[in-house]
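Each structure below appears as structure tokens.
You will see two complexes here that share chain A, one where it goes with chain B and one where it goes with chain C.
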Partner chain A sequence: MTLAAGLAVMAVVIGALGKNPLQAAGAVVDGSLGNSFGIGQTVQIWTILILAGLASAIPFSARLWNIGGQGQMYLGAMAAAGFGITLPASWPGAVLVPLILGASTAAGAGWGWLPAWIRNRYGASEIVTSLMLNFVAVLGAAYIIRDAWPQGFAQQTESVSDNARLPVLIDSLRADISIVLAVAAALGLWILMTRTRLGFAVRALGANRAAALLSGVSEGAVASAAFALGGAAAGLAGGVFVLGVHGALLNGFSAGLAFLGIAVALAARLNPLSVIPVAALFAILRVGSNNLQAGAGLSPATGDVLIAIFVIMLMVVGVIRFSYGELVDG
Partner chain B sequence: MVSELVLITFFVTSLQLMVPILFASLGEILVERSGVLNVGIEGVMLIGAFTTALVGIESGSVGLALLAGFGSGLLCGVALSALYVRIGTDQVVTGLMFNILAIGLTSLLRDQLIGGQVGPILRGISVPGLSRVRFVGDVLAQQNALLWAGIALTPVVAVALYRTWWGLQVRAAGERPGALAASGYDVWRTRYAAVILGCGLSALGGTALVLSSSGGFVPNMVAGRGFIALGVVVLARWRPGIALLGAAVFGLAQSLQFLASQIDALAGVPRELWLAAPYVATIFVVVFSLQSRYPAAVGVPYKPGTASQH
Partner chain C sequence: MEQPNPKPALALRGIWKRFGAVTANASIDLEVHSGEVHIVLGENGAGKSTLMNIAFGHMQPDAGEIEIEGRPTRLTSPADAIARGIGMVHQHFALVPAFTVAENVLLGSRSARAGMLDRKGIVDEVSEVSARFGVPVDPSAVVRDLPVDERQRVEILKALHRDARILILDEPTALLGVRQIAVLLEIIDRLRDDGRAIVLVTHKLGEVMEIADRVSVIRRGRKQVELARGEFDQQVLAKAMTGQLIVDDISRSAGRDEPEVVLECRDLTVPEPSSGPPVRGLNLRVRAGEVLGIAGVEGNGQRALIDGLTGSARCEGAIRLNGEDIANALPRRLRRCGVSIIPEDRQGRGLVPDMTLAENLALVDLLAPPDDAPRFVSWRRVRAEAKELLEAFDVRPPDPDLPASALSGGNQQKVVLARELSRRPRLVVADNPSWGLDVGAIGYVHRRLVAARNDGAAIVLVSHDLDELMKLSDRIIVVYRGEISLESSRADVSLDDIGLAMAGARR
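Right, the complex of A and B next:
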């Protein structure tokens, strides 16, 4: 029902741009699922969007605005590049990959925890701080790319060692194990949010702050945990970019996907399980949009525009609602 | 030591970079004073910048381009106030989605309509009397009308907020909307006006970026300046006069990289460190503006008939 309404809105928007919606839809599906190259790309973006969606969904559940997903992703990518390049290339993948992805996750969690710490310590709004940390992280990556491990004058670092690359699952799609990790992360966080005390505390804080505090929830601890968990997911996404997608750290690698993760989290109503299908839908739109130029004469940015309008419509009709005094979907 | 020419260039760019932050902050002060947090300010500035470039290129007229930039901001304000105020969607996430929309829409339309074309820009105007003063005159001679407009607008916004009946209503809507409603005023209507006007002003920040540079539009050219303005507003404690100073500081912070590149002793410092300065400064600003407190009702949608809200 919601999906149908969303598709209708998108059709109207494309019609307003003077193009045939059916033709555009055909181009999107063809570009994202029409051949093995497209499917492979869609799976990659799906993976990243699941993780980026989780990065927002967990803190948002506590009504804490983690807008620093991009920076956390960059920290994860920087850690992956650093370890992937410097650790001995002779070590087996079974050691290198978990070690490096662990470092990425930890780096993202640390960067994510920072705005929560500032909030707890100084009472400063996490919105501005988490946003600003994005720019700092992006510039840090630019420094690493230019100075620490440069690849000539290219906009990327040197490549990580072969053994550090993520093992490929399906050859024809070039799909690696990261999609399994992302789905597992979503499942794990869903269990955490619905079946544990911490998850309950996070959701209680978001649903009714006063009542949660009265019942003994420590706001500072919950904020730190929620931000660190979100940052961990984003950091893992950064690691996947470096070890899986590109094999190196690239300037501008995240291509707006971290911010799209916020849209994923919202459309999934902050439920970690729903993040999986929503991320798939948005990945299809994102990858398919690259085909719009050729297929319907529309810019690739159309996908992001459609997603943003779709999510705003969902908020307008009240499908996505940040209610006061009512538990968020879990 | 650095030459006088380097210093002049440093202050010229600082003042130029101050203007977008100043307009954005003045607009955001109006919005937040009325009880609305506009995280979508970055998108409003982008749309303002794009519209300015588009109209400038198509018409060749700076005046029309400027008006169009302001008008596009007002339209953004209409759309955003409908969401923030009338429908009462969550302001933070609505603003974020609006930013994604604005980034996508402006790059989409740029590809379709203007590409890399450039339009007319504002020339520097010399100020009678000041232009012959050494150094100061040299710096100011290269500033365009928008700097002076921004400086002139600062006391106007302050007077409107603190010395007019309308300003009192706006501040009441931001602090105690319930009390404003109880006195027979319409909270929504007050907030509509503040959000629409504020977005118009913020969009002029995007206009300034275009008309003071090449006259063209580059995707995502606002580069976080809207978000920096959110920090400046906190630093300024929602007062226009302090926001002017804050904007000046951030103008300087944004041109540090140029200055550092001209000083031999600093050659070893990575340029990214200087580029990060305005963003790091924003974090410190919000951390150490401890006494500054958001207007009480910021971020909380007002529902008529729920006077218990404040």
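Right, the complex of A and C next:
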């Protein structure tokens, strides 16, 4: 429903610009799925968006607002860069890759756990703290890039060792194993949310905090777990950037994808399984809009504008749905 | 009362409304004249709220007509209804908690659209309306800080400020205590004298007897009977409402001689509960198989006591459950010790409305499980157990996959009872377990509580309803300003004694 409404508004905007919406849509599809280069890029973005979407979806399910996906992603990337550069390059990939990605996941989980801990301990809003921790993480990455392992004067660290790079799955698309990991993460978290007591506690806390508390939920533990799980997904995304996409830690590598993850989570109605197709749609939009100028005579900036409108549409619908009970007080 | 104006202020004629297979209203007629209180009486789910929502433009009837002052009218929205002089006070208030009373009253009314807000002007204007109709509220108070009865008065002021000549009150007494109800009825009386037409929806017979000029009884979507003052008494109304005479058949087994003390509070003080005034230095004991009834005018500390007992507020002093100190234990530990909690606010604290009945029934087992419980949930088993419980507690419909929000209030409460009482609790803390329920469901709740008592549970029952307390309690305590002003076995106490103690008299 929401997706349909968003697409409709986008069509109207393109129409208002005097262009044919269908032609624009064609250009987007062509740019994202029309050739192997585009497909490869789309799959990359899809991977990241699945993980970024999960990073929001799990805490959101408990009505905890993780705005710190970016920071958690950065922590994961920093861990990947640190280990990828310093661990012996002679170790085989089968050891290096799981080890480093594990470190990324753990680093993201820790950074995600922090706002939950502050909330439990001091009652500070996790929205503010998780957002602020983004800045800390970004500056930490800047230190690593400039001082710890600089690559000359380039805006990136040294490259990680070859054995630490993610194995490529499909050569022509340059698609690596990260998409498999992302889909597996989504599946795993879906099982966790629907089949385990922890997942039930997360959902109960989100659906009615007062009733959940009175029924005996341990709020601190559940909040910490939800945030750590979200952070773990974001951290894994950071690791994927370093070991897969770039081979190094780049300045500004996340390109706003962490925040787009919030929209992915909302559009997916916080369902980890739905995150997979929604992230695919967003990836197509993101990659395909680069082709708007050639394909439909629209400025490439239009693509970003359209995504922004789309995201706002989703947020409007999402936010009304998620905070209605807080606005109206019986 | 003779009507000087032959045209009714509001008339609903032949209203039909269906929701799928359910007929909520079947050809209902309702008239209310200026200077008249017309009570719409019926059990929950009888179709009263649907009818009122149609009268206020929330819903469109499938068939039927609405006339205002004799003119046929179509109400397409509440804004439409307001513009035509109808005001409605909903059961769940629509107030902005962070705003003052005056701001809430002005919100959405004509003068708020002028652009600039004149703070002093607003307050004066609201004070004036408040004084004119004798609806006491402090206009500069912030709504968040107000108790529920004052919030309701703000809603009434909102309607009056918009000059509503027809006032619809949906279950206005559901949330109020005895004295608050009296104040509300006085206000309604004044509005009647002022020539307003008032429609009051309720399922409580007492209110009808007190202020109704006319009463229409609705059952299963159909109007059963309409009676003018002098034509009705409680028996007739109860029969029309339920279709049967209510038989009070609660069998309580005789208590054992000296059963063990399950709950003991010593010098219990709950200093600052968020829910209202504190209790101080309370001593009480409840034995196995005993119901301790707690009476008191709302706001004398019964909320604090409940919060202290259920781990929802910090307390001082000792609370012992079978000798084990449970003061300041969180609900999680209480649940594991066999404490069951039936909160007053079913939808807010008792249930998770968006979750299924199966999930709601398993809530406590899953959220406060024993240490060795498996991490994975077997939903198949949860559903099977839920099915059994739903049958055993006569929840309708007994479908474990339905969301709790789809049930009527009475059935929702049965779900809470099923969850809390099927765990074979040692202690049950029940907070107004029957408020807002219809007569049939109240009887069911009472039977279940007594059954739990007969099975050996200790029960702490807080209730606004003195009849309920007298019926269920073995002993009764009255709280007044956070202290016990009366303690007695039920057999040795009269309603008059309790009334005096509630007003602060000590024996």
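Everything below uses one rule, namely that the second predicted complex is superposed on the first by the 290 of 330 C-alpha atoms of A that agree within 3 Å, B and C clash if a C-alpha of one lies under 4 Å from a C-alpha of the other, contacts with A are read in each partner's own complex, and residues count from 1 in each chain.
Keep this in mind: a residue touches a chain if its C-beta (ideal position, glycine included) is under 8 Å from a C-beta of that chain, and two chains touch if they have at least 3 such contacts.
Quick caveat, the model's predicted, so the values are computed rather than measured.
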{"item": "Which superposed partner A:L260 touches (first chain B, second chain C, both, neither)", "value": "first"}
{"item": "First, second, both or neither for A:D147, with chain B first and chain C second", "value": "first"}
{"item": "Which of chain B and chain C A:A201 touches, first, second, both or neither", "value": "second"}
{"item": "Partner chain(s) touched by A:A308 [first = chain B, second = chain C, both, neither]", "value": "first"}
{"item": "Chain A residues touched by each partner, larger count belonging to chain B or chain C", "value": "B"}
{"item": "Contacts of A:L131 with chain B and chain C, given as first, second, both or neither", "value": "first"}
{"item": "Touched partner set for A:L214, first chain B, second chain C, both or neither", "value": "second"}
{"item": "Touching both chain C and chain B, counted on chain A across the two superposed complexes", "value": "none"}
{"item": "Residues on chain B engaged by chain A in the complex (per definition of touch)", "value": "39, 83, 87, 89-90, 92-94, 96-101, 103-105, 107-108, 111-112, 224, 227-228, 230-231, 234, 270, 272-273, 275-276, 279-280, 282-283, 286-290, 294"}
{"item": "Of chain A, residues touching chain B in the complex", "value": "60, 65, 67, 118, 122-125, 127-129, 131-136, 139-140, 142-143, 146-147, 256, 259-260, 262-263, 266, 298-299, 301-305, 307-309, 311-312, 315-316, 320, 322"}
{"item": "Chain C residues touching chain A - in the complex, by the definition given at the top", "value": "92-97, 143-144, 310, 312, 330-332, 334-336, 341, 343, 345, 348-355, 359, 363-364, 366-369, 373-377, 379"}
{"item": "Chain A - residues contacting chain C, complex", "value": "195-198, 200-201, 203-204, 207-208, 210-218, 327-330"}
